[in-house]
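The two complexes that follow have subunit A in common; it is paired with subunit B in the first and with subunit C in the second.
Take a look at the complex of A and B:
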């Protein structure tokens, strides 16, 4: 990839609460395309602002311009490298101070333009940062394991015709699968209970589907939970145990993540987080669900 | 159960190990679903059609729970439309498409007074038909 001689553009990773340790911690950190990472500040002196910063890197306009992005985003290696670098910077920042991750490939023509964006939304950012302070995100996925061939248990009765034996095996397999889906529902309910006890918000992710993910089983539940740091371990342990004693079900907990899934208030994207809307969202997220909304029914029998 | 929120804003231990344990070991699919689909969407100066990103995300979702695995297997998955690369699913959707086309065809035939074709040919009848064809040729 030839880098043009033109001015670099500004790649933005996250909005963050200013913190004395933040800038030093970015020294030596490698961002996307190996670029150094620095901060842009704005709003000093304004009420509600003043301590909100934008975390950015200078990147090549050839790679991150419109055309370059379009081309690169189809390249898995490139996408992975950028996604991991983006994520690494977000994590490094969120480890120091409350942070709002931006979506991948948020690019400005220069730092001044990025600063303008920050200025225009500094209050919103500040509110949201306060709201998310001291909280982390945990991911919980529930898989129905592919037990299809695993249990021939009772060998097909010898007196059955091949056709009947086949049908009976099929029925058994389907029953196993249905039992697994019920077990997954039970696990999801338990996760819901754990969330009610420890989490403050919940965000649904679409279940991960993969035709190549043979050994992983079918992902039927994929949600993220916002959890105060102090309850983090209790949540993790509780969620991880949700599959205990349930056959054909696997529960996977990932995290803690920076609050990617909660950076934007969930049900009020139009009104952008008034206090009322936020507490309503909190309530809904914490206990508004009966735990049954997350599990998709056995997608395709 | 109400532990105090010991870590309020600004009071993060500065030298403690980062509380984010994901690091480079995090599953790429988990990272992608967050960096592509979550986070704040702010219009940058560089406009990348969001639809492209959505499409990309959908492709990733459809195709791989483990992107790593895909690459491991040397599968050039961008080249192939995921909806065309899944054998089982495809058979089903093709069959379904077939069925609908056949129904449509029959509707047209009815309109014109032409005898309808068998709506749901069975495997066996199809084979017989194939054989018949061979014999005629």
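Take a look at the complex of A and C:
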């Protein structure tokens, strides 16, 4: 079904708790296609209506219709521009009022259609907004540092045959690596302790791999934590220190984020969402899996 | 403890450039997924997302991930 290219469609960024400062704070803010962002409120003007709003902007139907999206989403530059614009809007909204970020590329035919969606789910949104009010998300990633090739002394020891020297270097390297994985597990345990002290919820993301992950070392832990604002700094400091004194391990903390990873209750998310992507990617790439009892497991050659 | 940490953090920092991969973790796997009379059906969004994941993750049979981080060990603290 081709959509008309002339009429814009409606791109939705977030659902938010209505706030008198919200609209003024969004003036001048542009969305994914450079068009100004505005609010749609359900039941505005009615008694008791308009408590929950939808943040939207018009986008081109050619770019954001089904075909356009299909074409564009494999283009990393295009995707990055849209993701950053989406994020900028979510950040601006979340700085003013509790917000539920929407999944990237949530597109409606027009504002009326978006308003209909808002109306149909307003109670659910309202409950979730209450649940998340005053809380932020922190990301914690743990890396096993690429060991410096375990310095196989460039000239193998004279008393070893080349074969033995190779094996010995390899064993050393593997021991180093195993020690690093154990240290990573220790760091993950420490993060768990910090979370028990300060966080209210936790969501696991896949460890990062691939071109976008860069050469930052091997990411073995990539979780998100929901933390009340008042404990935010305590959590950040605690998590950032989780790698202290552990060799071969680096801990990175990102945030604070709007509650992207907690917009939907974890239980409900399971059926459609992260787990789908996770299992799809797992079946695509991973060899047999035996479940994981620990957060971090060492590579078994 | 040192009193309630004052999170200047809650405000967006204009000059903070988040890593694209961290952003995509959240925008493609997090967030509210809405159904309704949308241009894209939900199934299509999922398809796009999964093919995109493949691009980003690029785990190949010859280069499998040593970690099958198949799920969170503990959902709640």
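In this section, the second predicted complex is superposed on the first by the 243 of 301 C-alpha atoms of A that agree within 3 Å, B and C clash if a C-alpha of one lies under 4 Å from a C-alpha of the other, contacts with A are read in each partner's own complex, and residues count from 1 in each chain.
Going forward, a contact is a pair of C-beta atoms (placed from the backbone, for glycine too) under 8 Å apart; a residue touches a chain by one contact, two chains touch by 3 or more.
These numbers were taken from a predicted model, which means no experiment stands behind them.
Applying the stated contact rule after C-alpha superposition, one finds that A:192 touches subunit C and leaves subunit B untouched.
Contacts of A:164 after superposition on the shared chain: neither subunit B nor subunit C is touched. Of the two partner chains, subunit C is the only one that A:223 touches; subunit B does not reach it. By the touch criterion defined above, A:174 lies against neither subunit B nor subunit C after alignment on the C-alpha atoms of chain A. By the touch criterion stated above, A:244 is placed in contact with neither subunit B nor subunit C. With both structures placed on the common chain, the touch criterion links A:21 to subunit B but leaves subunit C unconnected.
In the superposition on chain A, contact of A:64 is made with both subunit B and subunit C. Judged by the touch definition given at the top, the superposed model places A:102 against both subunit B and subunit C. Partner contacting the larger number of subunit A residues, of subunit B and subunit C: C. Contact with subunit C, but none with subunit B, is seen for A:202 once the two complexes are overlaid on the shared chain. Comparing the two complexes, residues 9, 12, 15, 64-66, 69-70, 73-74, 76, 79-80, 83-84, 86-88, 91-92, 94-95, 100-109, 113, 117, 121, 136, 139, 203, 205-206, 208-213, 224, 229-232, 234, 254-257, 260-261, 263-264, 300 of subunit A contact subunit B in one case and subunit C in the other. Of all the residues in subunit B, the ones that touch subunit A in their complex are 1, 3-10, 12, 14, 18-24, 26-42, 44-49, 52-53, 56, 61-67, 69-71, 73, 75, 77-78, 82, 85-86, 89, 92. Across the interface of their complex, subunit B is touched by residues 9, 12, 15, 17, 19, 21, 64-66, 69-70, 73-77, 79-80, 83-84, 86-88, 90-92, 94-98, 100-109, 113, 117, 121, 129-130, 133-134, 136, 139, 197-198, 203, 205-206, 208-213, 216, 219, 224, 228-232, 234, 254-258, 260-261, 263-264, 300 of subunit A. Residues of subunit C that touch subunit A in their complex: 1-2, 4-7, 9-12, 18-34, 36-40, 42, 44-46, 48-61, 64-77.
Of all residues in subunit A, only 3, 9, 12, 15, 61, 64-66, 69-70, 73-74, 76, 79-80, 83-84, 86-88, 91-92, 94-95, 100-109, 113, 116-117, 120-121, 136, 139, 192, 195-196, 199-213, 218, 220-225, 229-234, 236-237, 254-257, 260-264, 266, 272-278, 280-282, 284-287, 289, 291-300 touch subunit C in the complex they form.
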